[in-house]
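As written, the chains take the letters A, B and C, and residue 1 is the first residue of each chain.
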């Protein structure tokens, strides 16, 4: 009987030298280079419907439930803590050699454009205090937090330098007001973070509202102010939280400053009281927090000491106010008035205070920067804000408010006039600049390259970062949208295998 | 002979041996067989070369039926039918032969050869018939002769065509040919059209064999095709040559745009591809906004990616209908086609990577009686 | 008119049918005849009087004459009067003489019979098709029963034929347009494209009339609908379109145009600047067109003279703008753009060449694995050993003296 094996067939199994084809190797997977698990959209969990089984008996056969030993569920609040936890370091990631830290020199160094600059370790506590980091930002995949020095960051660094200025620089003490927009994942929040980091390096006082939504979502207690018309509301706990943040972050600066003004509402203030102590009064007693905040603001914007306080007066530093998620302040809040009508966000004095800074007038007397960022992922739709930002953009392009091309709200659209008023045209006065609109786009190719090289140097991206590859990723990320680049960079595709190293 | 007395007529036929006299009358090719009672011989009478000049099995019209029992039976039948008027044999011995029935007794008669013929009858006053003028026959045949030799076959006109084409094929068999792919595309008659054309019910298989001959003739090198072949082939072409209409080749327009369409599932995409720096806009928006998943973005741009052209072109896509995956893969196809307009040399790569292959799958329709397209309702006892 | 007479004729015929023979034609009744009718039996028609039975005429006298005749009589001369009186008396006397009168009547009867015989005065009996029992009381809506009033003369074609002729005429009209106007249309197309921004071409010109763009004052465009000879309820509908900007310098000022737009309301499309109105309230096309034209005129007049509605913003909520993204002009390939792209590519290529080192993630990881002790077990062991060697063994030292 003949053998089932055919030797000629077997001989074909011998490995033959395969010529490298000119075409790139294309695997059977269709149109993508990602792992199969990414191909299928994640199925919703908890679908109780089990697939019907046919050709089986319909009699009830109930399996005995196995009592599996389950781990104890996390304690109350632990899940949320896990969710909100911010991890800033990953010991498994490689340390990037030659990474520079953010400093007064590096933040204006155009040669460093496109490279990732590490945040100085001592500053991390301050940044944590002002809640600059957000849980889903992917700080946890690198050895230490760092941000890319893109063009916008460099420009901002220059602004910081000018405003801080030494001596009698012409732009010292200027006020820059900006609304930051941009598509989703374009790095608006990180831009704010960079601003805070720069402010800390320049020893500014930093006020932040990390999430504007919290103030209007009805999470904080609120009380009406007696005799205000229309009724306005203060949020003592929110104010206390703000004071805590500010003191934690700016302790070094504030402890060097002493009270210099009369504060009739607050008792027990001496000229020797530092501003830290003043703020402490506010967050130790929530009822006092709003007057204390007002007092603190008055102190920080003071240009000269009041009568009787001249002794210890020191010039106040410039201030940075950073707000994230501006659109939430342009709608009616979840709070209700006594007659159960919704309270407009602008009726909350906390919100009103920070929005009034945008108006021309005495906002920041000692100079500084107002950065109000919008969001694309957590964003209530506000027609009035859209129109207002369009108007702002038009003004920036030189279209006068009276021209027919100037965008106007549609007739009968009921655009919120209070919102439109916030962004109405203003004229620059003195050191105060007019409101600007800054739109963040994608990174340039060079910046993209630097950013992806950082991934590779951290041992996350096992690719040859050459021009072609970078260009490809740049296109896939919609023209260098940094959030998308991060997604591309952190996806580990290559199976770990020993790599021959040329010694 | 006596032994066979009790035989029935039908049985007899099986046992009989048939001899036919074959005589050449006209040309040597032509064969006319006279079948008569005279030729019938009893099985017992052994034929000798003397009395039967040439023997052989009875030729039957159908060559196929020659050796089969059925063929013999049918030959019998035809003999019985045609032998109402027995022809006279020139062989006097045979002339006397009478069919022997089982009930009859036949006088014993010795078979005598032609040479030992009895003395001729006394001469009478007989004038010889004039010599037959065969030319007259040819001019005006005595009976109607069909124009086609295949007249008595089932479909003579078809067979005529086949014979003619076969003759052509044989005649020009030596001419050089091209490979089937290079031969000019010809739209031959479809079967129904061909049946109309010849007016006969041509079987599928036979028509296929005809088409095979046509294709063989069509493969003769186009420059050397003889005129007769060309005219013969043209007879079998469908009216209105469907391959004559060629789509205008797509080209890059004045603005450097290559425009192409693609479809997948319910989506339709139109892509304008222009040289650029890798910017992609879908419906006027950034690709990131339209396709949130990296997977979809990659599949949409796969044509450019697998050819490493992602940083060489700008893509302007308009896509309508369907879902996210469908839209992404419709764009894939469209970009692949548009890229072919810019660089036709990329075709093998694109074909291999599957971006210019149309995926014609669509959602299967739901059927009545089914829960979905194929799913049947649960079987319920009672 | 015809239908009126037809209906009259029908009712009269019905009446005449019911006259005497009505009861006898009651076929499907189950009741005996005597129950049928309680109505009085119609009296028999009066018989004609015989000539002998006629009453005698009164004796002639001029006083019996009517007023007009009397005046005529008075105007006559005495001789004529005498002749007139004599003649009249003779006629009366003849009439009053019964035998003479009978003879005259007989003569007349004879003459009429003679005429009857010579001239066939019989009228054709029109046979009515009975519509059956179930349709007896119904109106003859479909005119199934012939009336006899539709006389067909051979000098006219039927209305069906007229309709068919109308279809022919329509077809010919369009054939003429296709043959004569359309070729010219294609020759005008360049000009049309050049100047068609706000104006409309007059493309429904008559035969052989040269095509020309509509003059400046033709700002209305009317649209009619034909269903190619078929009857359709929307046939008389007329639609008018006008671009509101066409009105501005001549008919309206800009402010008045805004008023006009406010007046037309939802009929205004702000994207194309076209106002479109339609009318089908009248039975004929011409009426509808007239109405629309009047409407436009009155709107213009109202915009000029009426309330300006300046305090009310123009409401455009009815229109949802269609936004079609346009291919960016900056992407279009020009020589300049080509040069620019080539330059950038060149620049990038040079930068790539000058770059001293290209970062390779694989190499970095490979180096790290070999050099960093936390990833390399061998190094780790070595480091541990090193540490062991250098480490000061606290315990051992402490033990030493004990050993001694």
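Criterion: contacts are C-beta pairs under 8 Å (C-beta built on N, C-alpha and C of every residue); 3 or more make two chains touch, one makes a residue touch a chain.
Note that the structure is predicted; figures quoted are calculated from it, not measured.
> By CA centroids, point me to the most central chain in this structure.
C
> Please identify which chain has its centre, taken as the mean of its CA atoms, farthest from the centre of chain C.
For chain C, the chain whose C-alpha mean is farthest off is A.
> Out of B-C and A-C, which chain pair has the most contact pairs?
Top pair by contacting C-beta pairs is A-C.
> Using mean C-alpha positions as chain centres, tell me how far chain A is from chain B in Å, no decimals.
Comparing mean C-alpha positions, chain B is 77 Å from chain A.
> Let me have the rounded angstrom distance from the C-alpha centre of chain B over to the C-alpha centre of chain C, please.
60
> Rounded to a whole Å, what is the gap between the Cα centroids of chain A and chain C?
Roughly 63 Å separates the two chain centres.
> Scan chain A for residues touching two or more other chains and write them down.
467, in rising order.
> Scan chain B for residues touching two or more other chains and write them down.
Within chain B, residues 277, 279 contact more than one other chain.
> Chain C: which residues touch two or more other chains?
Touching at least two other chains: none.
> How about chain B: which of its residues touch chain C in the complex?
Contact set of chain B toward chain C: 255-257, 272, 274-277, 279, 281, 283-285, 314, 316, 318.
> Which of the residues in chain A come into contact with chain C in the complex?
94, 410-412, 445, 453, 455-457, 459-467, 494, 496, 498-501
> Over in the complex, which chain B residues touch chain A? Could you list them?
Contact set of chain B toward chain A: 277-280, 286-289, 293-295, 297-302, 304-306, 308, 310-311, 328-329, 332, 348-349, 352-355, 376, 378-381.
> Mind pulling up the chain C residues that touch chain A in the complex?
These residues of chain C touch chain A: 313-317, 348-349, 351-352, 358-370, 372.
> Would you pull the chain A residues touching chain B in the complex into a rising list?
Its residues touching chain B are 23-24, 26, 30-34, 38-39, 41, 52, 54-55, 58, 183-185, 467-468, 471-472, 474-479, 481, 484, 487-488, 491.
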